[in-house]
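Common to both upcoming complexes is chain A, partnered first by chain B, then by chain C.
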Partner chain A sequence: MEFHIDKARVLPKENLRGFLEGLKNLGKLIAPVKKQEKFYFDVIGDVSKVELSYTRTILPPKKFLVPYRRERYTYDAETLDFSSSFKAEPQIIFGIHSCDLHGISILDSVYLKENPDPRYLEVRKKTVLIGISCKPDEYCFCMSTGTAFPDGANWDLFLTDIGDNYFVTIGSTKGDEIILNMKEFFREITDEDLDLYKKSSSFKKSLFDFKNLPDLGRISQVIELEYDSPVWEEEAERCLGCGTCTNVCPTCFCYTEMDVPSLDGKTVTRVEFTTSCQYPYYSLVAGGHYFKPTRASRFKHRYYHKFVGYPYQIEKLGCVGCGRCSAECPAKISMIETIKKLRGTADEEELRKVAE
Partner chain B sequence: MKKSLEKLLNKPLPGDPLLPHKALITDVEELAPGHKRFSFSFLDEKLNETWEHIPGQFVMITVPKAGEIPISICSSPTRKGTIELTVRKVGRKTEVLHQMKPGDVVAIRGPYGNGFPVEIMEGHNVLIIAGGLGLAPLRSLIWYILDKRPLYKEVYILYGTRNYESVLYKEEMRRLRKRPDVKCLYILDKIENEEDRAWTDREGLLTELIPEVDLDPADTYVAVCGPPVAYKFIGKELLKNGYPESQVFVSLERKMECGIGKCGHCQIGYKFTCVDGPIFPLWDTKNLPEML
Partner chain C sequence: MVKIGIMGLTGCSGCQCEILNCQDALMKLIGKVEFAYFPLAQDNNTFDEEFDVMFVEGSVTTEEDEAKVLKAREKSKILVAIGSCACYGGVQAQKNDEASLEEMLKTVYGKTELFLKVSKPRAVSEVVEVDYELPGCPVDKRQFVYAVSSLLNGVKPFFPKIPVCHECKLSETECLTLKGIPCQGPVTYAGCGAPCTSQGVGCQGCRGNCDFPNFKEMLKILQENGLSEKDAVAFLKVFRGYQGREIKVNDEERRNEKGA
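Then we have the complex of A and B:
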């Protein structure tokens, strides 16, 4: 059984602090903290700073698995001897929502399925993922992407809020060991706990406004059928091309590399940094040819990759419905709205044909 | 789903696919203004022996202090010991590479990409269409096929350039024309001087040569490489002449940073040029928007 329900435990909320303190002994503890009205994942010193009633963080926990700027190698400009100072440290990321857990599983597939990246694997092996249940807001559409619950994602422990306690499900042997080593904070589950836990999924569902959710059925086909739709131009008209949507995305992985020589020119550092398909240079080749020359073509590419590209490349949708791209977009472009608009044109045409 | 994800994490750490190997520049030849051929051999002798590639594949070459660039291999895998790259001086990194001399050290990783389906082509006619610098990846294919000549039926080479001055591998192409087992048709955009005339009397576009190819299209595999703008016209002309879309292969260029399907830049539709390409059958234009 995926959840090992027989091994599940209950963590009374008053024990949370002790549990977090205990986690700090296992490695670097990372959890959401509050900054003005927004939240972000940060390394925790004082566990009282951990904020668990958040909807979404500005950046996904991805930044602790693949840093946005990372030094790949340093090489000697004369001899071209490559070396690296890379070192993975044990870390525990606590308080990840279901969508972000799915986002990490998507990154796992991207980085490890073909041409596996040893660095990502090493970081991932040394990372413990502890999820927590959440309440959606108007930007969330994880119900449509099938990522509202952690089932099927790769995680170690998941805490579901059941009132005065957390119902803790175990997703891996690593998770099991953590509970065994900190037995004192947990207690056995009772029938009442189990009952509350079973109800928790319908409780989360009830918090969604279903009218507002986009229909993602056959979404790959919809995007392909609507490839020449005027909706792309209309939406891209408002787009500033700032790349915020891809920077805050938990599944975006594109990067650019650059060789930066030291001041004396003796050594060179090869830096990889997160890039965005929304930037013109993304498709620029030597000689000055842009393969995605217009903002509309770049705008469309993001949707195309999420809903057609990922399913081909890793057999999963590339969107987990976290709502970050819509919530952070300075031009208020909403993924939900774009998909609805695309579907609208499709459905109207279909209906017209049926009517004739 | 979960099980397959767990498996991914339980694997032992693989070797680093992005770590390049040191290579020595052994020879540099100026082919045409702004175009040079570089020959490399790895410092690691063993690697020189074990290195294998398929015509149409490319390598990522580190130009010291400037960065990495993807360049297609222009030497045939049938001639071991060195790798040759044809490089046009077109940007910051290639400009630095052009200043390098025999004896200088670079770093190379690869080979990457799928390459031309040379084994499927066996037993069939081969039509090779090169425009300008597009000759580079096709030179690898040409010499591969000529070294294994009995395995293939008729071989045609169509090569179009601006003028005689910009013809690459002038001597080689001249020798090819003299061979009885390969038919060569060369064309220039414009014939302006004696040199041009001595090279060929044909003037016009590469597409004009296609109807003159005397091959059964159904029994022919076509390999095309040229500037991005040329593909549309060449593709159209090939289809008009009855070549099946599934037997026409084009070599495409995109921005690349990694070569292993991780950096994302080279995506065409849902495919990565670096791992699913750079050789695509013309058939893929139906599935991949903006391929050509």
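Then we have the complex of A and C:
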């Protein structure tokens, strides 16, 4: 759907609760909630628990589109009759940041572009995505990845905080319908609202420390050119290989599967679960050969896939700058720092001195 | 009928109790398999015929243990070590490479002569060939049931040796290492479902090593989180038994630092 500013509406903040209650009538409402110091997406009963100004959730909303552990089917060991209990239920994911919407858009490309995955398609059709504006912290680099603002057409509604109100942009006909059905909560936009909305993007930009942002220009080439760089070894020295970076990534999609027989041996269930390229067994093949035998080769593999593999596959970077991999890494390895080191600009001051 | 044996060597019998806790699975199994040998749970046990699957709990520490496990190997088609004692030597093996047997006996019993002949605690795999290992202190019930249903149906059970961080992160637990709590998750074999970290307790490493653990970085992080190097090494070695041999206080590096 094209962007129609005349269709945008304003949601006064005092109406948000009513709007969220109304969303519950459309299906399972999912939104960020707080757990100790962190946030996570969860099914909402009490809408007052919804966190509106969170930084980032531990896991991206991906888990409601492609669950981390899923049963593909069960088959009868003798007759080989297959059965599946899969059923997509209507769900509304509320409060998604721009980076995660872009993450879902990347998953859409991966799962739906060629040979669409019927299950993913079914789930996506029944899912409403409602975004919300955010403030970046030191781990965010969505300004570099071009994902700081929602665009494209994979989301339904997006709420931008403009002070006392949310400026609601509509991304799909589904979103348009939701507003029509709950029009009592919304009002028409005024010139003042529009002005505030226009300012909101420069406000978000002003919150970034531009010095700190990585330069992703020609990043695919840089990664290719630096394929043999010693930087990979240096960074991988610290890597624990724990797979956190890929498990929390909004665009990672690798999984493995295994057949689990029942105790009586009558049925077998095929279970799929998320895995990570950072685990040695990921590249282990019959005969005991590892395609990625060293930690450095596995470490490099992730960057290579994100910045070379994805652009080749889906014409987009595989990174949306959400900062989860850096924020959650137990060894505090930072994607921003690795990229800077690869570009040889880890120490900007030093570089400037050389230039002088 | 499939014959199963469950044997205990030197250990706390906690893993065997954990098997008894798998009530639903045991009820389903009772009609299909014969528990020919399970002294902890039943009176009439036989060791005369061949076993299809033998589960062994505990470390090999006494002469009797060694004789039992050698016989078990001879009589069993598949031998599975269950629990960290059987898989790695367990907590009783944590000082194996630091103290002699005499020192250990003197410290614990005050004398070196005991009524039975003992050796340093060993993992079952250090004595006989082991087909599968199900580590954990205690063994994980779900893994046990999965292993049993796979083995009974002739399927090789699949246990990727990935770190505990995998299960911890996917259950959306806040990273304890980043919070400053000593946690062995990044170097420990997953499969437990990360129950300790979800309760705010750092991983104690009871399931042993994951594939290619990065102990160097782990030791550095544990020290940043408040442990001395000696304590960090001791912490990592609690459950790892023979797997912990490579973890050492880096004397050489320290000497170099002093010299520099």
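Heads up, the rule we're going with is that the second predicted complex is superposed on the first by the 342 of 356 C-alpha atoms of A that agree within 3 Å, B and C clash if a C-alpha of one lies under 4 Å from a C-alpha of the other, contacts with A are read in each partner's own complex, and residues count from 1 in each chain.
Heads up, the rule we're going with is that a residue touches a chain if its C-beta (ideal position, glycine included) is under 8 Å from a C-beta of that chain, and two chains touch if they have at least 3 such contacts.
What you see is a predicted model; the values in this text were computed from it and never measured.
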{"item": "Which superposed partner A:82 touches (first chain B, second chain C, both, neither)", "value": "first"}
{"item": "First (chain B), second (chain C), both or neither touched by A:305", "value": "first"}
{"item": "Which of chain B and chain C A:112 touches, first, second, both or neither", "value": "first"}
{"item": "More chain A residues in contact [chain B versus chain C]", "value": "B"}
{"item": "Touched partner set for A:265, first chain B, second chain C, both or neither", "value": "both"}
{"item": "Contacts of A:240 with chain B and chain C, given as first, second, both or neither", "value": "second"}
{"item": "Partner chain(s) touched by A:255 [first = chain B, second = chain C, both, neither]", "value": "first"}
{"item": "Intersection of the chain A residues that touch chain B with those that touch chain C", "value": "77, 256, 258-259, 261, 265, 275"}
{"item": "Residues of chain C defined as touching chain A within the complex", "value": "25, 28-29, 32, 145-146, 148-150, 152-153, 155, 158, 160-163, 165-166, 169-170, 172-175, 177-178, 185-187, 210-214, 216-218, 221"}
{"item": "Touching residues (chain side chain B, partner chain A) in the complex", "value": "1-2, 5-6, 8-9, 11, 13-20, 22, 62, 64-69, 90-91, 93-94, 105-107, 228, 253-255, 257-258, 260-265, 267, 269-272, 275, 289-290"}
{"item": "Complex interface listing, chain A residues touching chain B", "value": "2, 72-73, 75, 77-82, 105, 108-119, 121-122, 124-125, 152-154, 172, 227, 253-259, 261, 265, 268, 270, 275, 277, 282-287, 289, 291-292, 297, 301, 304-305, 308-309, 311-313"}
{"item": "Complex contact set, residues of chain A against chain C", "value": "35-38, 40, 57-59, 68, 77, 237-244, 247-248, 256, 258-265, 274-276, 279-281, 295, 328, 330-332"}
